[in-house]
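Paired with chain B in one complex and with chain C in the other, chain A is shared by the two complexes that follow.
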Partner chain A sequence: MDNLALKELLYKMADDQLILGHRNSEWTGMGPILEEDIAFSSMAQDKVGQSQQLYILLNQLGEAEPDTVAFMRNAEQFHNCQLVELPNGEYDFSLIRHFLFDHAEWLRFEALSNSSYEPLAQLARKYKGEIKYHLIHANTWIKQLGNANEETLARLKQSLHELAPYALGIFEPSPYETQLISEGIFIGEEALKARWIESVNAILAQTALGAFNWSASNAILGGRQGKHSKHLQPLLDEMSEVFKMDPTADW
Partner chain B sequence: METLTEAHIRQWLEAVKDPEIPVLSLVDLGVIRDISIQGQKVKVVMTPTFSGCPAIDMMKQDVQEVLKNNGVEEVEVEVNFKTAWNSNLISEKGRAAIKKFGLAPPPMHNLIVDIDIIEKAKCPRCDGENTEMKTPFGPTLCRSIHYCYDCREAFEQFKPL
Partner chain C sequence: MYGGGNTFEAQQMGGVENEDPIKLAEFEARIARGEKIEPNDWMPALYRKQLIRMIEQHAHSEIIGALPEGTWITRAPGFKRKLALMAKVQDEVGHAQLLYSAAETLGKPREKMIDDLLSGKSKYSNIFNYPTFTWADSCFISWLVDAGAIVNQLANSKGSYGPYCRALERICAEESFHLKYGHHCVIHMATGTPRQRKMMQEALNRWWGPMMHFFGPPDKASVHTEILVKWKVKMATNDECRQQFLDMYVPKIWELGLNIPDPNLKKNPETGEWEYTEPDWEEFKRVINGDGPCNAERLAVRRVAEERGAWVRKALLKPEAAYTTPLA
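Up next, the complex of A and B:
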């Protein structure tokens, strides 16, 4: 097996989870209601913990220590999609992002549960169960607010239109798609996207928002190759501030 | 010196509790996945309940300490996901301890956890079944928050996973 293809896959998944985990953690103490404060904080903890296990796999494949990889890279060395790095905005914006990303995340790990790369399949089987709770949370609120009143509907609609091109960027193809598919490591981004459209539209169709026309949106790409919005570097600076004070400190 | 057996190790590990539910031993929680013994050397394989569980390092240290205090010369604790944890692995004794602690034990499931399984928890105080899930996230990753319409009290459930 060529490790480059596998590493690329692991890096983008881990980076997505670390960065969105960090964004979710910014809701700690700021949630519109206590339950949402706790929900976003818990999802942050899950995602950061899951990213750590993926960085451990990368470490076993010869990459640097998980903490070094998480805290010492610059924005252009990160492979996350741009969707996850955008500032939280208001609650509707964070909720729509959470809904769009977590559906893709769950489907990705469901597919990877059958990966030919057994260490990843083991993690994927575990993550799937954990992320199920994130999905239940997202779906509950989308259905609730998507059928509530004019203001909630207008806000969700606006955020959905704004985030749709970024969400499509989750599925930016890797240079190794054919190899990953033929070796049975992963089903590939295109197949994942098809499952995702079906999955998010099934929920949206149960709201006044209705199913979304994804083919009318153009994906914002580049994140997987290290091209990011201006928002990622300040996030990384803040996230790594304490670590960088003394990288050799023993915790 | 007496020959070490798996039964000894399990018995000693009964003393190591889940730091977040201090009445529940790691053995009953189901996170001890393998014990192998070579002479005076013991290797314990553990797996976390949730990947992001912050208690795993503490549990790992506690396992080391308890076995050393019982005279095991060399202890190795490995954490891996080979046999991942799910809530069906919690023993009957563990479920009783969880309930006594005030949490609803996770219902047994066929490994496909869905909203209908999570939503209907049995109240650990009055055994009422007229309950509603308020939020799938609680004070720790492994708990959700519910409300019982029979005794009109909020309660937490150890989440099925």
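Up next, the complex of A and C:
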């Protein structure tokens, strides 16, 4: 097994989880109702905790300590898709992102539950159970607001259109796709995307938004290779502000 | 989080003379026997009013208290702290949720309480009107402000109103984790690098005054609250809470080699009471009346959150406005 392919896969998943977890945590104290502050914080804790476990796997494969990896890299060294780094915006924006991302995440972990790389398969089975609740949360709200009134519908529609190209960027192919697939580590991004379209559209079809025409959107790529929007570096600067004061200190 | 500062405003006394004397006597006898009062039980209007005010202010303190610490979630150094602080602040929001629903059992809707918070009609714990400049400030809050809150909340959990007591019991169980987390953070700062120690000492210097204010003005200067004591609404005096806090935490602070910025602070071996320099009570009054370093900012943040979320709440409240697909 070639570690490069595996590491690339682990890095992009861990970075996605860390950055979206960080964004979710920004809702604490700012949610439209208290229950949503609490829900977004729960999801943030799950995601950041999951990213830490994935960085531990990477550490076991010879990469640096999780704290160093998470708090000391620059934006160009991050492999997250651009979807997760965008600022939270209004609640509809965060909700649509959460909906689109968590469907992909759940399906990714479901596929990875059968990975030939057993340490990852084990984590994936565990995370699937956690992300299931993120999915229920997203679906409930999408169905509720997607059938509520003119304003909620207009907002969701607008955010969906804005985020669709970024969401397709989740599935930016890795340079190691064929290797990952042939070694049975992962089903590959293309296969994942097909399952995802089916999954999100099944929910959207139950709302006044209707199923989305994904083939009409062009994916925004680059995140997986370290190409990011202007929003990631400031996020990382903020995240590491205290840590970098003295990376050797015990906080 | 919560402090005695809320009891500063003059109590609106009177009103008991209009109550049915037989029912009132029965009510007071129940409380004297240690029974809990439940939402549908008879209660004097004054009891209801004071409890709403108190629980509501406690709830506001929890959500406003989430702000000064919340700004450090995105900057917490390392996974361990980041995860713990997220969970801690989430708990505080959860406390607000529990408390608003306890207050709602007395007849005031959450929306109305939040309106009163935003209009300044209803107060919250004064200490959250001070800024958190550094990570060390957030460590101070997690350890010592939560410690103060526990002193207060434990006392109140022995009160007479069932839903409030039960909420407080759950809250106190979570607060004890906050205390452990905060203490752990402060230990690492106070025994860390010279820079960390300096940060921690500076935070202590900034927060000691507000911490002494936290329990409210001295008993001798407080408005009389006999009836609230008798009804087990107010369970401990401001000075009792402050003394208990000093007794439990001053030795722990000194143990870490930190200096408390009050040269007169010492325990009188004869009385067993702590002696200290009175904090600036004029400043306390100014801040509680709106003129503190962060009052405007805290309320502005809360207001923005409320305004930005209005469309979501509206959609939840009005199922009859369900969207129907236009025919054309």
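The rule is simple: the second predicted complex is superposed on the first by the 250 of 251 C-alpha atoms of A that agree within 3 Å, B and C clash if a C-alpha of one lies under 4 Å from a C-alpha of the other, contacts with A are read in each partner's own complex, and residues count from 1 in each chain.
Just so it is clear, a residue touches a chain if its C-beta (ideal position, glycine included) is under 8 Å from a C-beta of that chain, and two chains touch if they have at least 3 such contacts.
None of these values were measured; they are calculated from a predicted model.
Engineer: Mind checking the superposed model to see whether chain B and chain C fit together on chain A or clash?
Structural biologist: Superposition result for chain B and chain C: fit.
Engineer: Looking at the overlay, what does A:Ala148 touch: chain B (first), chain C (second), both, or neither?
Structural biologist: second
Engineer: One more residue to check, A:Gln233. First (chain B), second (chain C), both or neither?
Structural biologist: A:Gln233: touches no partner chain.
Engineer: Touching A:Glu130, do we find chain B (first), chain C (second), both, or neither?
Structural biologist: first
Engineer: Contacts for A:Ile38 in the overlay, against chain B (first) and chain C (second): which applies, first, second, both or neither?
Structural biologist: both
Engineer: Classify the contacts of A:Gln225 with the two partner chains as first (chain B alone), second (chain C alone), both, or neither.
Structural biologist: neither
Engineer: When the two structures are overlaid on chain A, which partner does A:Ser199 contact: first (chain B), second (chain C), both, or neither?
Structural biologist: Neither: A:Ser199 stays clear of chain B and chain C.
Engineer: Mind working out whether A:Asn88 is in touch with chain B, chain C, both or neither, as first, second, both or neither?
Structural biologist: neither
Engineer: Between chain B (first) and chain C (second), which does A:Ser113 come into contact with in this model arrangement: first, second, both, or neither?
Structural biologist: Neither: A:Ser113 stays clear of chain B and chain C.
Engineer: With both complexes overlaid on chain A, does A:Ser217 touch chain B (first), chain C (second), both or neither?
Structural biologist: In the superposition, A:Ser217 contacts neither chain B nor chain C.
Engineer: Minimum C-alpha distance between chain B and chain C after superposition, to be given in whole Å.
Structural biologist: Between chain B and chain C, the shortest C-alpha distance works out to 5 Å.
Engineer: Per the definitions at the top, what is the overlap between the chain A residues touching chain B and those touching chain C?
Structural biologist: 35, 38, 41-42, 45, 48-49, 52
Engineer: Would you pull the chain A residues touching chain C in the complex into a rising list?
Structural biologist: Chain A residues touching chain C: 22, 25-26, 28-38, 41-42, 44-45, 48-49, 52, 66-67, 70-71, 90-91, 144-145, 147-153, 155, 208, 235, 238-239, 241-243, 245-246, 249-251.
Engineer: Name, in rising order, each residue of chain C that touches chain A in their complex.
Structural biologist: Spelled out, the residues of chain C in touch with chain A are 63, 66-67, 70, 73-79, 81-83, 86-87, 89-90, 93-94, 96-97, 100, 135, 185, 188-189, 192-193, 195-196, 301, 304-305, 308-316, 318, 321-323, 325.
Engineer: Once bound in the complex, which stretches of chain A touch chain B?
Structural biologist: 35, 38-39, 41-43, 45-50, 52-53, 119, 122-123, 125-127, 129-130, 132-133, 136-137
Engineer: Which residues of chain B touch chain A once you look at their complex with the stated criterion?
Structural biologist: 50-54, 80-82, 84-86, 113-115, 118, 134-139, 141, 144-145, 159, 161
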